[in-house]
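What follows are several structures.
Each of the next two complexes has chain A plus one other chain: chain B in the first, chain C in the second.
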Partner chain A sequence: MREAAALARIYLRMLLGYVRAVLEYRTDALILVLASVLTQLAGIVFLTTVFAQVPALGDWQRWEVIWIFAMVVLAEGIGSLCFEGTWHLALYINLGGLDYLMVRPYPVALQVMGSTLGPNGFSNAVLGLALLGVAATRVDVDWGPVTVGWAVLLMLSGVLVKLAISLASNTTAFWLRSPSSSPAGTVHTLGDLARYPITVYSTGVRAVLVVIPLAFVGYFPAASLFGKGTAGTIGAFTPLVAAACIAGAWAYFRAGMRRYDSVGN
Partner chain B sequence: MIEARGLTKVFRRADKPPGLAASVRHLVRPRYAEHTAVAGIDLSIGAGEAVAYVGPNGAGKSTTVKMLTGIVHPTAGEIRVCGLDPHRNRHANARNIGVLFGQRTQLWWDLPVRDSLALLRDIYRIPERRYRARLDELEPVLGLAGLLPVLARKLSLGQRMRADLAAALLHDPRVVYLDEPTIGLDVTARDAMRGFLRDLRRTGTTLMITTHDLGDIEEVCDRIVILDAGRIIYDGPVTAIKDRLARDRAVHFTLADACPGVDLSTDLPGSRTVAGEDERRVSVVFDRFVHGAGDVLAAMARHARVVDLSIDEPSIDDVVRRVYAGAIGDALPDRVR
Partner chain C sequence: MRAHHRTLTRLAWGTVLAYRADFVLQLLGVAVQTVAVIAVWRVVTAGGTGSAAGLTWDQLKAYLLIAFATGTLMSGFTDWQLAERVLSGNVALELVKPVDYQLARFAEALGYVAGEVVVVLAMGTVLLVAFGGVPVPGGAQAVLFLISLLAVIPLKFGLIYLSGMACFWTESYYGVGVARVAVTNILSGALVPIALYPDWLQALCRLSPFPGIVSTPALVFLGEVGVAEAVRLIAWQFVWIAVLWLGARTVWRLAVTRFSAHGG
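After this line comes the complex of A and B, so read on.
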């Protein structure tokens, strides 16, 4: 536990280092802030549209659907804000950029993940949280310490599942050796499908969303919170699924490092 | 400190002929070419040794260092650095070693040097007091004070190398690997770097230096390991190989009068007399274990009036050149593996 806290503290310092680096370029920083505000505004416009359009889907009420949507947006926001470096892994591998990272006493995966920060993740995270806040008052859940705690645990688990999927899909770069992380991009795009109850899709799409466990980012945990039959029962295992996903992605990354050949001079 | 047994690295490269059709064919039935970068190296380096690791481009120097540091996983063989397997015990190993790749920096490009060092302090979990003390130790030799507030991308190459060296040595490592530490440096910066490396040795740090720069070898190292095509072809003291292979010394004379056709080969058996750029200049090349410079001067004085002279000492440069040319097999049968 103390070790985890130490790792987290160092991670935060690395992220802050990136923030300081961005601030070195004053105009760039200003543009980033401006872009972030614009993204927020666009997000609000988008969401009001979504509010108006979202119907009840099967046995899912409108606000329950929005809850799923918000959890996925929150997971993407946090992923982008705190773990954006994951998307640079292919670049690191192909430029031999892992060399120095591998001779430091800190996990290489975390050094890569914390090497940069996606400022627009901030707007997504805020929007996701705000939306969850509103939805919380509209859904039929008897909020108490236990349900709130469970909801927070489910949310964190969803974030971890999303993170593990990003890490694992980007880790394929160790084998593919192409400078772009196309499989990771494909998986990320699939993530958009996971913003809605997977019951709306055909069996094939559903299977994909369960195998690449994107459905555990929003759908299953929400199902557990709202007590949706079988899906709810499966959803109760979300924290375990999250732990397994993180462990799996971590092991996959370690296997990838054994294949790392660096580059010649 | 460093022990390697049968260290081997085989890279597998896609063997893909040019052209789209060939690329498609490669997708269906991929073919690979195997390339052995390091072919069964045995190496044992003791505490406090300074070893030069040299060889032509592509000989496997960098690959060896990357395996010893735990960056690249060996195809076969065993490595122990301070008793640890560097790839398996990456974190523990990282605390024992310092690494400098001269061609790339580990500093955060857009941060002042001070911030990069502070991040490394956090990563290595160096207590604040020890960190300050270490910076104070490095200050006089690396001249850090002027560099600390500067953004890494604004440093000159020499400054960057000093800052990178500070970064590599911050945690006071017992073993330091330096890959081309003087590459691209000007004469002053190069001398300063070599002086620093000598001091570092004196503190008992084990050094392994890959370099193309022969000055680095002569001034810093006492042992030289020469690599060719992934194999060690020489491993021994720098002076020994110099004595055996770098025997030619040259005296360049400037004579008072033109003296065409002067030849000292009868006076000094085995020597060669070479005409210089004009008729008053002439050079004599001789084996320094057979003749002394005094003999050469005396012999020349019998033929002509000497106005001026200069002496070229044999350098490790000649050695390495001759090694690459294949001379070592004959010259050092006892050292060949």
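After this line comes the complex of A and C, so read on.
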């Protein structure tokens, strides 16, 4: 436990170190924040227009859909805010940059993940939480200490699933060796599909969202919270899925590290 | 088009071929968005039997497929190439060349558009197979649609070129590019037909060049507007092309005066 606290403390120090760099480029940080707010606004405009036409998407009521949407925004926000470095892994590998990190007494994966910070993550996390807050008052859930606790656990699990997917998809770079993170970017792009109840899609797309467990970021945990039949039952396993995803991504990264052989210079 | 412009177009096409995997993956975003948006609208129109805002499911599908096509054209490499030149300082080399910078970039962009046309045809076919066919216009309507579709290319170029020039004032392009896509998504009618917006938002759209990117070609394709109205909307596209093209020249003159490349 003390070890975990030490790991977390050093991680925080790394991130705070990067905050200074962000403050150096204030205009760029502000533009990024504005850009991410506009991006989420586009999604909200879309949902608002849709729900001006119909009261529900199949079994899913307006604020339940917004809950899913908000969970994805929150997960992406925390991903950018605290683990943006994950997206630089391909470049580290391509340039042999992990050599330096390997001589330090701190997990290489965490050093990479904490190496930068995305200011857009801050606005996304705040916006996601705000939307969840508003949605919480509109959805048909009997909030008590137990349901609140369960909702928070589901939320954290969804965030962890998203982090694990980002880490695992970027870890593929150990095998591809290209400096580009676009294969991982593709997986991230597919995450846009998981902003809506997956029941709107055909079987093929649903299967993709379950296999790459993007549906466990928002849809399944929300289904559990709102008691949506089979999906809700599956959703109750989200914390276990999250634990498995993190363990899997970590093991995959270790396999990648064993393959890593630096570069010639 | 002069010989050096043709060369630039050909070189850009070569870049598309050399980086084909990244090129296609970069365009995947619009395709994924299209899948999500079409799937949601299918549910809204009661699995394709009902209608929304006076548009049947087939019409909505056609609308969103046009949005996919115009969203993909002129979107892949043009952005980053423009920004990269400024951020790396390579734009300094361009300044000494006896070539009109803006026209040269447009010639390059056409090379990328060639690649995007291939992607649109391939992914569009997949989407058509997945979601079913759409009614196709004929006669005058088809001609008007083709004109409005072609107008999208210089129109989008104007917007992208202008946003790329923001890099003279910023240290990174990422945020500017994301913001441009987000604003385009909202104001062009890429996600929902503009007619479904509240009045104030519709008015805002009409005051901007963005509807010319999606709404105009899509509405003309559907025959939702008469010939006179279609001609009027297309005329607006060309007005905006001219405004953005000339506006970009002014911004460029301002920008180069504050440009300072690194000593290299």
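In this text, the second predicted complex is superposed on the first by the 230 of 265 C-alpha atoms of A that agree within 3 Å, B and C clash if a C-alpha of one lies under 4 Å from a C-alpha of the other, contacts with A are read in each partner's own complex, and residues count from 1 in each chain.
The definition used in the following text is that a residue touches a chain if its C-beta (ideal position, glycine included) is under 8 Å from a C-beta of that chain, and two chains touch if they have at least 3 such contacts.
Keep in mind that what you see is a predicted model, and the values were worked out from it rather than measured.
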item: Contacts of A:Thr39 with chain B and chain C, given as first, second, both or neither; value: second
item: Which of chain B and chain C A:Thr203 touches, first, second, both or neither; value: neither
item: More chain A residues in contact - chain B or chain C; value: C
item: Touched partner set for A:Thr189, first chain B, second chain C, both or neither; value: second
item: Partner chain(s) touched by A:Thr137 [first = chain B, second = chain C, both, neither]; value: neither
item: Partner chain(s) touched by A:Thr230 [first = chain B, second = chain C, both, neither]; value: neither
item: First (chain B), second (chain C), both or neither touched by A:Asn120; value: second
item: Overlap of chain C and chain B interfaces on chain A (superposed complexes); value: 25
item: Contact set on chain C toward chain A in their complex; value: 21-22, 25-26, 28-29, 32-33, 35-37, 39-44, 52-53, 130, 169-172, 174-179, 181-183, 185-186, 191-192, 196-197, 201
item: Contact footprint of chain B on chain A as seen in their complex; value: 6, 9-10, 13-14, 17, 20-22, 24-25, 96, 98-100, 102-106, 257-262, 264-265
item: Contact set on chain B toward chain A in their complex; value: 11, 58, 62, 66, 69-73, 87, 90-95, 97, 99, 101, 103-104, 106, 108-111, 115, 119-120, 122-125, 151, 179-180
item: For the chain A and chain C complex, residues of the former touching the latter; value: 25, 27-28, 31-36, 38-39, 41-42, 45-46, 49-50, 52-54, 57-58, 120, 180, 182-183, 185-186, 189-190, 192-193, 195-196, 200-202, 205
